[in-house]
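Pasting the structures in now, so scroll down.
In what comes next, chain A is part of two complexes: it sits with chain B in the first one and with chain C in the second one.
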Partner chain A sequence: MEQEKYAHLEKELSPKPPILKNVIKAFLVGGLICLIGQFIALFYITFFDFTERTASNPTVATMIFLSMLLTGFGLYKKIAQFGGAGAAVPITGFGNAVVSSAIEHKSEGYVLGVGGNMFKLAGSVILFGVFSAFVVALIKTILVKFGVVSW
Partner chain B sequence: MKNGILTFNSMPSIHSAGVTAGPLEKKKSVFAQSFDKLYEDERCDLPTNEDGHKQLMYDAVMVALSKAKKDVEKIDFFLTGDLVNQMTPSNFTAQALGIPYLGMFSACATSVSSMITAALLAEAKQANWLIAGSSSQHNAVERQFRYPLEYGTQKAATAQWTVTAAGAVLIGQNKPGTPSISCATIGKVVDMGMTDPLNMGAAMAPAAMSTLSSHLNGHSKTVDDYDTIITGDLGSSGFKLLKALANEQGLPHTKNFRDAGEEFYGMDPSFFAGASGAGCSAAVFFSDVYQKLQKGEYQRVLLIATGALLSPLSYQQGDTIPCIAHAIEISINEVSMI
Partner chain C sequence: MKRIGLLFTLLILLTGCSEKGTKIENTTAYNEDKLEEVLDQNGHVKLAIALLHEKDLITGIRVNTFSRFQKKKIASEIKKKLEKAYPDLTVTVSADSKVLLETKKLIDKEKQDEYQKKIDKIKSIEKEQT
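Up next is the complex of A and B:
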């Protein structure tokens, strides 16, 4: 049998991913995580001396802390299996990527194991995140210089 | 041209079998009752996953030996393999046992490739007693081939779950009334251009089909000669493809086909398409199938273990997934020709 014919057969017989169902679940899980984040931000603004802008740092730290706990107790992977991108895209997904790698490599020691591997999944998020932030800032700076937009 | 076809006129026998499995398998596997030793801890109360992996294999060998009342010193060769880098769990088991050792690698088809090699050594009268087998440990294998265990990612319905299990068999010269090896077929590596490591069943099904048709043609057998033809770990989606390929290639029916991977966790959807891993075929072949042969429920079976010969590096570099399958025929009450 030729490869193309087999690929066709494989497509026909393999279970199809339930895209609509997955999108709805991702929306609900992602939305719920962001809603929790919003409450935490409001908590910092209401009870501490933070503004809407400065509250983001402690909020992010709290969300990562919660995701660390969930990862450690083996719950985050269950949330992610249900929620897909809804669990991967928020900051908690980033925290999960770092912590899961750290746990995985603990048996190889703290320096070469945990230290050397904890960013093996999150490293590319940091790299491309910083790089795209740089590009966006560069474009905005140029546009501001030419008076197209203002800060 | 032999085309991978092997015949064992002396019909080496499988004198005993030992299967060990982890805590999840104890709870979820439909075969748990047939396994010999089950652990409460996935690392067998040892510090690392790889230590636990080794212990699974070691204990499976010890169970097989104790059932046949044989000492380690009596064993001439030890042939096993697993999926961890450089096969350290098997190597370390061999160190602990102190039996002359050959590491075997056919990915998840190692259960059968090791049995075939053992049968060849027995047939050549180069050994009286041999141990063959294979094993896998979920955590140790997942960390190598996929993401960290606790990393949250959504797996598709075609994904499979690597089992924590090990199986070992004691092979020796023919003994009437014992399940015996009459012939085998070494498979060719087949690559149908599949690229998704989370759909290994689809990649392996053509290899299983290729070996099955070589075996039937080479040994002049038909599907009906077997009480069951059982594949190793195609999972539900790969097994469906194998049956479709079989129908297309003119095999009239597939009602006596089974797949160890599909059955392993009782089709529980939380394990997606079913079980996989070098321990999957070993655990089912050496427990359920072996015991049914002993009881006479099966007279003649064909075991086809399937393996995906990829590495994390190969698929990240864009290579497709080459696969292999090896077949071995086991029967009871057939008289050896020597």
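Up next is the complex of A and C:
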């Protein structure tokens, strides 16, 4: 009973998060990051031998590289504070997670500090990314085998 | 500040609808009417650039914005029709903007003796999966 009371009280007293405002900010920042990504993809398509399908790999690499640089200079923090999920969900958030934890644990040494903690947060992204890709591929393979869809 | 914002919005909106139509370059003796008919008949295609050279027919298409999700299907449909119309030629149809871009560049800038080499290159990068 006591706990319920406390939860009720806390809900009443804490200020309401400006959800709509946050959503709009996240939409704008996320959209802006994707727009930059689109321009980079267009750059690779126009000046190198990449097609729309193959340009995604170098684009992702470039975006991660840029976000890692921005994290190192302390600029990505500001973007993330403003944009919230809009800065965390695109692939740039992944680069930010890797580098920020590497910087954070630098004082503990390169092997146990940087090496051991670098993928603290990003590790779960990689694990579940690979796993969900496997599951999706499995489902698609089964569907193709039964002739529901084609490749 | 507001005016600059308005200007950019207008620019972005206006550049959205630029090129349209069908452009065909033919260096062979084959009749291109059928090709034009197939491309014009398809309501999804907004820009098409085609090149007939020796044994190759290469077509880059750009589909309407809301048809983009089915662009592979549209391209393969057009390919089937063209293969029926030109059974002797190797037909390549792609909705990938790279093919469109390179074909356009080829027609506008290169000399005819360079065509074959470039066509082979477009075909090879079009096939790449990753």
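Observations, loosely collected:
Note that in this section the second predicted complex is superposed on the first by the 150 of 151 C-alpha atoms of A that agree within 3 Å, B and C clash if a C-alpha of one lies under 4 Å from a C-alpha of the other, contacts with A are read in each partner's own complex, and residues count from 1 in each chain.
Here, a contact is a pair of C-beta atoms (placed from the backbone, for glycine too) under 8 Å apart; a residue touches a chain by one contact, two chains touch by 3 or more.
Owing to the predicted nature of the structure, the values given are computational and were not obtained by experimental measurement.
After superposition on chain A, the partners chain B and chain C are accommodated together without colliding. When both complexes are overlaid on chain A, the residue A:46 reaches chain C alone and has no touch with chain B.
Between the C-alpha centres of chain B and chain C, as viewed from that of chain A, the superposed structures give an angle of 160°, to the nearest 10.
Once the two complexes are laid over each other on the shared chain, residue contacts for A:81 go to chain B alone; chain C is not touched. Of the two partner chains, chain B is the only one touched by A:100; chain C is not.
Between chain B and chain C, B touches the greater number of residues of chain A. Using the contact criterion defined above for the overlaid structures, shared-chain residue A:54 touches chain C, although it does not reach chain B.
Shortest separation of chain B and chain C in the overlay equals 26 Å (C-alpha atoms, whole Å). Taken together, the chain A residues at the contact with chain C in this complex read 45-46, 49-55, 57. Interface residues of chain C facing chain A in the complex, by the touch rule stated above, are 96-99, 101, 121, 125-126, 128-130. Against chain A, in their complex, chain B makes its touches with residues 47-49, 143, 147-158, 192-194, 199, 202, 206, 237, 240-241, 244-245, 248.
Note for the complex: chain A touches chain B at residues 1, 3, 6-7, 9-10, 13-15, 17, 22, 71-72, 74, 76-77, 79-85, 87-88, 93, 96-97, 99-101, 103-105, 107, 121.
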